[in-house]
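Attaching a single structure in structure tokens format; questions to follow.
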Amino acid sequence: MSAVPLVEYKDASPEVRAVYDDIMATRKTDWINNFWKALANDPATLRRTWESIKEVMAPGAIDPAVKELIYLAVSITNGCQYCMHSHGAAAKKLGMTKQAFGELAAIVGMANETNRLATGYQVEVDERFRV
Amino acid sequence: MSAVPLVEYKDASPEVRAVYDDIMATRKTDWINNFWKALANDPATLRRTWESIKEVMAPGAIDPAVKELIYLAVSITNGCQYCMHSHGAAAKKLGMTKQAFGELAAIVGMANETNRLATGYQVEVDERFRV
Amino acid sequence: MSAVPLVEYKDASPEVRAVYDDIMATRKTDWINNFWKALANDPATLRRTWESIKEVMAPGAIDPAVKELIYLAVSITNGCQYCMHSHGAAAKKLGMTKQAFGELAAIVGMANETNRLATGYQVEVDERFRV
Amino acid sequence: MSAVPLVEYKDASPEVRAVYDDIMATRKTDWINNFWKALANDPATLRRTWESIKEVMAPGAIDPAVKELIYLAVSITNGCQYCMHSHGAAAKKLGMTKQAFGELAAIVGMANETNRLATGYQVEVDERFRV
Amino acid sequence: MSAVPLVEYKDASPEVRAVYDDIMATRKTDWINNFWKALANDPATLRRTWESIKEVMAPGAIDPAVKELIYLAVSITNGCQYCMHSHGAAAKKLGMTKQAFGELAAIVGMANETNRLATGYQVEVDERFRV
Amino acid sequence: MSAVPLVEYKDASPEVRAVYDDIMATRKTDWINNFWKALANDPATLRRTWESIKEVMAPGAIDPAVKELIYLAVSITNGCQYCMHSHGAAAKKLGMTKQAFGELAAIVGMANETNRLATGYQVEVDERFRV
């Protein structure tokens, strides 16, 4: 199965262009990364995914820079190359230093380790944690 | 295979007690949660894991409260019940509100979704992300 | 560790050739894809895996075309590049349109998202679902 | 970290009730399952997730009954207990027989097996699959 | 979706009994564990899975006791409670001591950690490893 | 996000060189593989990870050659390309034959299959396994 073609702005339908325009306006940038150009093969998924991402990653109780760190941590855990690159770039743009990346990678590593230790040892949840 | 017995402080060897004491002193608390009592069946793993966690979760370029959010996000992704409870409790102690948890869960959900969309569509990494 | 060499038909043992012949006859095709040529380094695994796949993917209560969609969905979830290609090609041969692929990818994405939301929120199974 | 409380209809805000009403109308049912009652603690996530699910699971190029099979297959792969129950129930309602479930479980098992065989043997993608 | 009923020997069809008999004879035991009683709801999957397990776990280049350690390590990584119990019990029967289990859990933990470190740091495979 | 640069011995700080020297001395080799050169960008993680690996992989109740098989099995399950290569090479150095690799891959495949069958069928843990 070949990869889907990337839909460039000039070849896009009005529906797709509207999403592209909103992505560029929201992110204050002048280009569209490949993820959206691939999703544009299915305009409904493009629109839905962008609307969701825009809502979830907006400023809230958690800072946008921290949100990108969380996104990156999950993407490393799942081994998604594309997502590591796109969210790594986003996190750097929002201030993630080389040292911060090192700390994040260390946490992701330790969490994956202790997740299996807790599972392997079948550790029962402490009552105090259930309150 | 039955779960391992939990090693209580009063029954612990001096080597294990030294780790328990350090956990309580570092965390400014007077109890030990089950994860460590289970690992105490293998004192070398208890000591090594604690030393690593202490180092990784200490204040650095990333704030300890943010580190717990990252730990929790990975634990939810991996479906580790125990870790969700222990790191969820730690995150709440460091200020995670109900709203912040909702945002974190939403990010974890979206990341797991887009990780598969990027994989399924075989999206090629943008040159700009590789710089 | 280098990848294993691919075992071509002309170099194959009679045991391996018999499996290759059955694959081509069952699938009404004249070539063998790399997966089987790699497994042929371990003839027992080649034979066992082929016999199992042949049985599992045969027409039954679920239509073969639907079976390929399910196989593809699991392969995307696990991030297996080879399997995405081979089962994506098989699904297309059995009628998966571009639109159907888009819908499948959307479902895989949503399932991976809600799997983590249900886990993160520790949702208890409804009694009605247990009946 | 204790699980979030479930938000019952009688205690729900108008915003949450509107989603509950749409779920019941769309599914032609008179009750709300726990997943939505848990998400209702974060009304934005409740609304967004429901809107997405409604769109993704609607009739399209893939039949709704097949969509539930795909959802169930991913949920088993990820080991999400809640999702296995809810989407298993939905699949049965749409006609999944006991035999069909057995075939689905067999496919999920085989896919998870061959995903690792292809990965472990580092099988290169055939040129024919890339066209 | 309720769990499938367990098929007891006395209620089993001749086809299922033949598999049960072979399991007991091969394992030199007088009982059948729940995994097989559940699979017996789909006799074809029961037979195929048992034949495969019997072949894969038989003595070969790798010792049966080591094979059970490998099986247990994968099951912990995937978080399969049932499999951890059944293969943990099998490993103990074949000589896995408490100390060996501790070492195995430690390896599983470290592997899960370094798998993510290698992924997160995008480490390129050394030429020497490709020879 | 670009990959981190590899830290060569000649450019390394005394702290990093000390770890490199210990790796080469412990492994009786004269080169450092890329994993450590990447981690050297974060000297604390380099040191901690090496100390942990050295301790976990040392001879104990489980033979070092078996430990590498377990490490390789987990790495295949997680789909970590780098780790499959490095631990595959280590396992071969410690005696893993081509036949043994075939058996290991078969076990990893079967474990991933039966992990999902046990999960999908919701098999309850036998009382005898809990003793």
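Labels for the chains are A, B, C, D, E and F, by order of writing; each one numbers its residues from 1.
Operating definition for what follows: a contact is a pair of C-beta atoms (placed from the backbone, for glycine too) under 8 Å apart; a residue touches a chain by one contact, two chains touch by 3 or more.
Nothing here was measured: the structure is a model prediction, and the numbers come from that model.
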(Q) Return the chains shared as contacts by chain E and chain F, ordered by label. (A) A, B, C, D
(Q) Tell me the rotation angle, 0 to 180 degrees, that brings the C-alpha atoms of chain B onto chain F, to the nearest 5. (A) 180
Q) Are the two sides of the chain A and chain D contact the same residues or different ones, given that same means over half of the numbers occur on both copies? A) same
Q | Selected pair, greater C-beta contact count between B-C and B-D | A | B-C
**Q.** Chain centre separation in whole Å, for chain E relative to chain A (CA means)
**A.** 34
Q: Would you kindly tell me how far, in whole Å, the mean C-alpha position of chain D lies from that of chain C?
A: 20
**Q.** Distance from the mean Cα position of chain F to that of chain A, given in whole angstrom
**A.** 27
Q. Hey, what residues on chain B touch two or more of the other chains?
A. 1, 4, 41, 44-45, 48-49, 52, 56, 77-81, 84-85, 88-89, 99, 102-106, 108-110, 112-115, 117, 119, 121-122, 129-130
Q | Contact set on chain E toward chain F in their complex | A | 3-4, 31, 33-35, 38-39, 41, 45, 49, 52-53, 56-57, 60-62, 66-67, 69-71, 73-75, 77-78, 80-83, 85-89, 97, 99-100, 102-104, 106-108, 110-115, 117-119, 121-126, 128-130
Q) Mind pulling up the chain C residues that touch chain B in the complex? A) 76-77, 79, 81, 84, 104-106, 108-110, 112-117, 119-122
(Q) Under the definition above, what is the set of chain C residues touching chain F in their complex? (A) 1, 4, 41-42, 44-45, 48-49, 78-80
Q | Contact set on chain E toward chain B in their complex | A | 79, 84-85, 88-89, 91-92, 98-99, 101-103, 105-106, 109
**Q.** Residue numbers on chain F that touch chain B, as the complex places them
**A.** 1-2, 44, 48, 51-52, 55-56, 129-131
